[in-house]
Structures are given as C-alpha cells and as structure tokens.
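Some notes on the structure that comes next.
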Amino acid sequence: LNHGIKVVDISADFRLKNAAEYQSWYGFTHSAPQLLEQAVYGLTELHRSQVTSAQLVANPGCYPTGAILALAPAVKEDLIEPDIIIDSKSGVSGAGRTPSLRAHYSEANEDVTAYALEGHRHLPEIIQELGLLHPGKSLSVTFVPHLIPMTRGILTSCYAPLPLGKVAAGKKGEEEVRQLYLDFYKGEPFVKVVEFPPHTKHTWGNNLCLIHPTIDHRTGRLIIISCIDNLVKGAAGQAIQNMNLMLGLPEVTGLEALAIYP
Amino acid sequence: LNHGIKVVDISADFRLKNAAEYQSWYGFTHSAPQLLEQAVYGLTELHRSQVTSAQLVANPGCYPTGAILALAPAVKEDLIEPDIIIDSKSGVSGAGRTPSLRAHYSEANEDVTAYALEGHRHLPEIIQELGLLHPGKSLSVTFVPHLIPMTRGILTSCYAPLPLGKVAAGKKGEEEVRQLYLDFYKGEPFVKVVEFPPHTKHTWGNNLCLIHPTIDHRTGRLIIISCIDNLVKGAAGQAIQNMNLMLGLPEVTGLEALAIYP
Amino acid sequence: LNHGIKVVDISADFRLKNAAEYQSWYGFTHSAPQLLEQAVYGLTELHRSQVTSAQLVANPGCYPTGAILALAPAVKEDLIEPDIIIDSKSGVSGAGRTPSLRAHYSEANEDVTAYALEGHRHLPEIIQELGLLHPGKSLSVTFVPHLIPMTRGILTSCYAPLPLGKVAAGKKGEEEVRQLYLDFYKGEPFVKVVEFPPHTKHTWGNNLCLIHPTIDHRTGRLIIISCIDNLVKGAAGQAIQNMNLMLGLPEVTGLEALAIYP
Amino acid sequence: LNHGIKVVDISADFRLKNAAEYQSWYGFTHSAPQLLEQAVYGLTELHRSQVTSAQLVANPGCYPTGAILALAPAVKEDLIEPDIIIDSKSGVSGAGRTPSLRAHYSEANEDVTAYALEGHRHLPEIIQELGLLHPGKSLSVTFVPHLIPMTRGILTSCYAPLPLGKVAAGKKGEEEVRQLYLDFYKGEPFVKVVEFPPHTKHTWGNNLCLIHPTIDHRTGRLIIISCIDNLVKGAAGQAIQNMNLMLGLPEVTGLEALAIYP
C-alpha cells in the first residue's frame, strides 16, 4: 500500500470498521487498525464510487454478499421492521479446500445441518453494512448458515415483518415490492431481480446475484430469496469486479463468460 | 371402516379438521367430512392415547412432522411469542417417485431452491396442530420449504421471539429451554433432544426425530433445529408406529432396525 | 439441404454409413439413405478436411466421441490387437432432459449401474469409425455403458492387448505410447494427452477431451482413459466446432470460455 | 492368538499367503510370516468350512470381495479364458474416513476418475484367490479401480473371453451361464444371481452381493457385473458373517436388518 499498489484483500481482515470486533469475532487484535477506515467494503453494488477510487478494498464474505444484496433495498427504503431472520444454505466449497471431516465426501454427502448457531463470523459484516444503509435504525438480525450437499452456491432466505399498510394488499403489494427492488438495482450488470424463486444452478459459474422478493400475506412478512455462486460473486468474481473498477476497466471485464447450466 | 377395519391413511385426506380447508388448499370438496372429526392426527407423540383407540388415523405430512415436533414444547409451554418462521430443507424423495422435471437428476443435483412461497399445503396442518397445543393463542406462522440435492431427510429451522425475561440470560437460559424440551419428550422412543445441531444423516433410515433448541442471545430469539428421515418418521415409519399402537403391539415393533450411517 | 443450407445434425440419423444398421439398431427404415454417403461423421479431429467442405455433418454421439478419440491413435498405428473392451461411465445428463424413472434424482443418486448389455446404439458408430482408421482389420469391440451419480461428464476406460515386442518394456514403453498419442493429436486445440489419469471435473463446461494412455505391464495390455463433458465435446460444443469449420470461422470460436472447476 | 482368542483381522496383514508380496505391494517386511499359512482368507462363500474352524481370519478387501465373487464360478468351472479385465467403480467411503483432498466433497463431487493404474494393492488378493480356484491355470488379470461420486457401493464389471463352443449360442448360452452361477451359489444367504444388471443402491446397507452374468454374443465374451455395499459385505458385514461362523452362531445373525432403499 505504501508503494501505491492497489489491493483487493480477499480475507476478512479489512471488512469490519470497528477494530474491537476482530477481538470478539476472530480472536485477534487487529495489527493495522488505522487502515480499517480507509478500506472500502467491496460489495460493489453498494459502494461503487468508493471502490473506483479506493486503494484498499476488502472483498466481502460469501454469506454477506447474498444476504446484504437481498436485504439492502428493503432496509434502505425502510420497507421492513428491523426484526430480520437470515437462513442461508451453502455448498461445501464455502468451507475451503483444506481437507476436514466436515467437508469429507462421505460426511457431507446426503446430509444437511445448521452450524455456528452461537454466531457466525459473517454476522458483524451483515449488521455493519445493513446498518450503514439506514443509520439510526437498530437492527435485530439472526443469521443461521446451513451446509448442504453440493459444491457451489448459496441460497439465502430472509424474513422480516412488513409494517401494516406499508404496501398494498394482495398481488399489488408484491408488485410494489418488486418495483422497489427493480429500481434499486437498475442498471446493475450482476444483480437480477427475478419473478420466481431462483435456483443456485442458474448462478453456477457466473457472477450473478438473483433476488426474488415476495410477501407472505397471511402473516404480513416480506420474504426475500437470493442466490449466488459462492466462488464467483461470493469470492473471486466479485474481487475481479472490484479490481476492474479500481483499474478503470469496464466492470464486467472477464466476467461475461458463458453461463454454465446445469 | 364400516367393517371395523382399522386404517392408517397416508394421504392428506383426513389430516385437517375443517372440511373447508380442503377446498382452499387442495382444491376439492371433501367427500366424507363426517369422518374428519373422528380421524386422529397421527403425530404419535402428541396424540398417543387417541391413536391407540382410533379406528382412522391420518398419518402426518413429512414437513409437519419435523416442524410440529420442533415447536410443540415451546408453544405448549407458552415459551415463545406467536411470530414463527419455519424454514425447511427437504431431500428430493419428498417429491414422490413420479418422474418430473423438478426431480430430474440433472436439475435437482447441485441446486437448491425455495418453493411454494405462496403457501404450501402442509401449512394448515402445522397451524392446526400447534394451535391445539395452546388454544386461544393466535399463531402467525410463515413456512417456506426448500429442495436440496439429497435423497432422504428434512432439516427444519424454526425461529420465534422469546419474551423478555422468559428464560435466564446466557447459557443458563439455554439449559432451561433444553430441560423443558427434555421433559416434554421424556420417555419418547423416537424423539431425541440433542446438544448439537443435528445432521439429517443421523436419521437416515431410522424413525428418529432429533431436536436441538437453542437461543440467539443477541436478538432474544429461540432457534429450534429438527431433523427426520422424510421416508421413515416423515411417512412409512410413523405409519407403522401408529399401526403398532392401534393393534396393541409395542410401539417400536419393526422400527428398531440398525441405523444406517453415513 | 436442397437450398444449399449447411446442416450439423445432432441426431443419430446420418452417423452410420450402412442404412441397414438403422433397421437393426434403431428399428426404423432410413428414409433418406442416399444422404448417408454424403454425410460427414463430425468427429472433427478425424475428419477435419471433410467437415470443412461438408454440407451435412452428423454430430457424433457422446460415448463414441470419448471412445473413438481414446482408441484412434492405437488403432490407426496398429499398436494393439483388435480385442477391445470399452467401459464407459456417464453422468445422468446423457439420458436427456425428459423425466424418467432412471433419471429421477432419488433413483440415480447414490447408485451406479451398467446398462444396455445386449448392445448400445452407439456401438456401430464406434466400430464404423475405428474400422475406417485401419481398413481390413476386423475389430472385436465390447462396449458397456454405466450410469453414475453426477450431472455432466463421461469417463471411458479402454483395454486392448499389446502384441509382444510392440513397445519397449517398462517406463520406456509408456513413453513410446505417449509419444505416439502426442504426435497423433499434435496441434489439436481440444484434445490433450495427459500424464495422469484425467478427471471429468477438468472438462466440466469446456470442449476438451483428455486422454491418458498407459500400459499394464503385468499383462501386456494397453489401457487408455479418456474424458469429456458429454454436453460440450460430447454434444453441443462439438457441433459448434464443426459449424465453425463449415462456415470458415476459426475452429475454436465460442469455445474458449473460462473452464469451470470444480 | 496365543491365548486362544479368535480374531477377524480387517486389515490386509494376513490376506496374502506369500510374505514376499507384502514387500512388493505394501512396502514392508511381514513381521509374522508364520501366521500367513494359518490365516484363512475370509471370503465366506469360498472358504466357509475353513472359516468355521479358523482361529485367524483375514477379512477380504472391498474390491476383491466383489471381483472374486463375480469371477469365481467362471474360473472354477473353466468357463473362460484367463484374459480377465476387472473395471471397478467405488463410492468415496472406500477411501476411509481420514480427510484428504481426494475425498474432499468439492473434489469428489461431480467427478469420476481412474486411479492406481500402475497396480492396486487389492490385485494380488484377487489373483491369489482366483488362482486357488483353478490351480495350474495362469491368469492374466487387469484391475482398474475408479472413484465415483457417491458414499457407498462398489460396482464391478468383469470381461473375459468365452472359448468357442463353450456355451450354446444366443439366449440359450446365457441361460447356461446363469444356471452355472445359480448352482455355484445355491443356498448362499448373501449372494444373489440376478437377471438384470444390478444397482449398488439395492445393496445399500445390507450384506448382499448381487451378480449378473451375461454374454456379449458379438465378440464371444462373458460379462459379469457384481455389486456390494463396500462398508457391509465389503467390510464390517463380512467380518460379522465370519465371526458368526467362528463362534458357531447362525451365519446371518445381525445381518438381516431391513434393507435400505433408495
């Protein structure tokens, strides 16, 4: 950095603004807290202009990418009450390539489990970024990740109460929500607001985030389903997206390769 | 029935008490509404004595089995507020054996999706049975099923607010909740309250329901994870369990076969 | 065709030269036998110049693509005796997208089986093309396909006796065989002769055929392992490769997209 | 052993009769070669009477179990020429529970590969046992194992030439072969000669070996497909089967549990 080199850091080391959180979530004292303020959280869709001029970008975690993009429009536009449940389902590649019993084929295959119920390290990122979208509002976020038997992909299901009268009843309300999401992500090359519950398979190998917001009219809750390929938009793809912006290249460079399906 | 034959019905035809619900959820007019009152909902752990003397038992759906067992102690003991989120993850065998595009290997493999966001047919069963556990309390239940790439198993994640002061803070609160669950299911041969998030693999081929209740202290929410083999406790196994009771056999007859793992 | 349009036919209708074989293998009388002679079998690496000037190209089957490319150098250079065993392992997408019990997730998952032991329709293609490489030699080919639980990919294992003294003993013999294969496929953009047993995962989503020839010195047999993505080199990718040649485009146009791994 | 305790050894340490082979295949000098002669190779169907009176039984490897049972009748009855190809497909649990890159979910999933082409350690067991069935005949056996993306199961495909005139032509020949296999395995509780290519799924969790012999009439080759659950008949199940005999218990004790399917 001192030599003017631009950096996209793919670790968690510069994602959180508050150095103290590294102590409580990661168990270490941050060795360069002065850089935390300077670092830009690289969820491109939320911080594009800052990324463009940044010297240090902290590439987001895989879970936060899907969760924040799913909730950002609703939080920003004050659509929902702050009682948010995030239930995520991730493929095994999210656990990294280091062999472990949890990632052993015979253990992970034909199995699903929840984990990190005491609190996952990606939770503070999610709270930080959603909080920035609506300062002053105190969010109450529960985040539970699940491991499912597939290689790539994260599907995130979000639930939050809609205040009474916030949107119209019936199909009209769903249309209003959908329009709010379409407006929020207008022109985004890698976020698509879709009319049906998305499949992670549709993001296999590409940099897309698919988002489907809808309403549970019986209970007055907003439900948002999002999905990404955790190894592309959730990791290396988003890093390239940020790097492109930092270097003045078109944002989509190298990311338009043929989508792989199925 | 008129000939005195005892029946365990594995369809949905006698699960709901209110004939009108068949019209709205299943799209047909019930042809034998007079039997609905007589039929016993065959979630054995909740209705054991009625099953024992029943002539007609309606075997529960796979999703309701896992969801109701997960929530029953909390609802019955008035532990939680009525704002309940149920997020279920099911293997593909839940979709039946009839070939379909959704169950086609190349579609279902390496994919996860939410479905039936407009309301799944198993929701009224869940509401009916939870409601019976605490009459007078109006529940607000959101239920979203997901299809994940494995053959057998359903993992259900339930979320509900704990009223302030309902349980102690910290680990002590978790112990209180755990004890409440242990007491509720004391002596049950097929329900185990476990100390860690359960794996569907541990129920592979057996009639168990594993339940893990815990607390998200940051938000004051109760989280309950349950799992079953949808083809055993979620279907044929539970039918045998009910049949055993109806015929005066030991409840576990034929259901103690070796657990298969992994 | 009468209007001068160039056609890549992806069915089996023009793959076989002998109209009578359609009767015995496919159960129908060919309705345009006069086109069979004109049609070029579109295994590009074997018939490149003919494809370039062809009006009608018959795109090869998925199994034959992997099997013929694996065996072509050995047959052409008279390396092996004509007693050939071809044991192929295919992902489920090879069965097509039409729902069927065989392709049902719960049937295909966690299962492997051999099928078409009485003779698979792709056998006559294999015999025809290998025969053309060494006219006059009568080949005795056994081909057994297997269905394995994955979406994409075919791995083909070929076994044939090496006549005594044909190659040097020990590692030197393996080097000779390897060199023969390298020479045969020199300059080919989509065939790679590799030093280790290949993984279908390495061809996932790309148009490559990976081939690994080696020797079982204990028995004096040549073993060749090849793999392809059945939906790319085994189908649409090869069709594009042929189309490019027919239209005078660079052969690799549209086929250089990022390889997907894993 | 010196104390008269009966042992079923599940390692490879006492499977081979020739101590020198431990040096060449396993890379160590055998420390108790005097026990090799005494040890009984625990493929129960071939050595039942010896197992019954044995003090030390060497439980067979998973691949040899499926391969030897598939070939034993044909070798014993001199049905085939000694040029044998064995192509096996194993689920990942065969690789053991120790985490490794090869068994990592993201590597093993959606992949198939051949391995140990230079010679797998199970080959000498196979040659030893088949050789004992027809002393004096020199067998030429090629064995290639493959790893496929499932947890349990081994499917083995065997190929060998039928001498001309050995069996009748057409369906009649297949019937003769089938009858020879039925006779050989008459009364066996855990070997079933089946009329169709077997599925590993049908052996999931049980101690069966399913065998399907047939003829490739075009080439005059015998094809035999066998399958087992590598963790049951290929390991612990067979160990129990041997132990039962050694202790004078009914052979099937503890092995009749409900078959799990799918």
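First chain written, first letter: the chains are A, B, C and D, and each begins at residue 1.
Everything below uses one rule, namely that a residue touches a chain if its C-beta (ideal position, glycine included) is under 8 Å from a C-beta of that chain, and two chains touch if they have at least 3 such contacts.
This structure is a prediction, so every number in the text was calculated from the model and none was measured.
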Based on CA centres, what chain would you say lies at the far end from chain D? A
Matching residue numbers in more than half of the contact pairs is the bar here; say which of C-D, A-D or B-C clears it relative to A-B. C-D
Computed distance of Cα centres, chain D from chain A, in Å: 50
Give, as an integer number of Å, the spacing between the C-alpha centres of chain C and chain A. 42
Among chain D residues, those touching two or more other chains are 91, 93, 106, 109-110, 149-152, 204, 262
Which chain B residues qualify as touching chain A in the complex? 83, 85, 87, 89, 91, 106-107, 109-115, 117-119, 140-142, 144, 146, 148-153, 155, 157, 159, 161, 197-201, 204, 214, 216, 218-221, 223, 225, 227, 262
Residue positions on chain C within touch of chain B in the complex are 91-93, 97, 99-101, 103-106, 108-110, 149-151
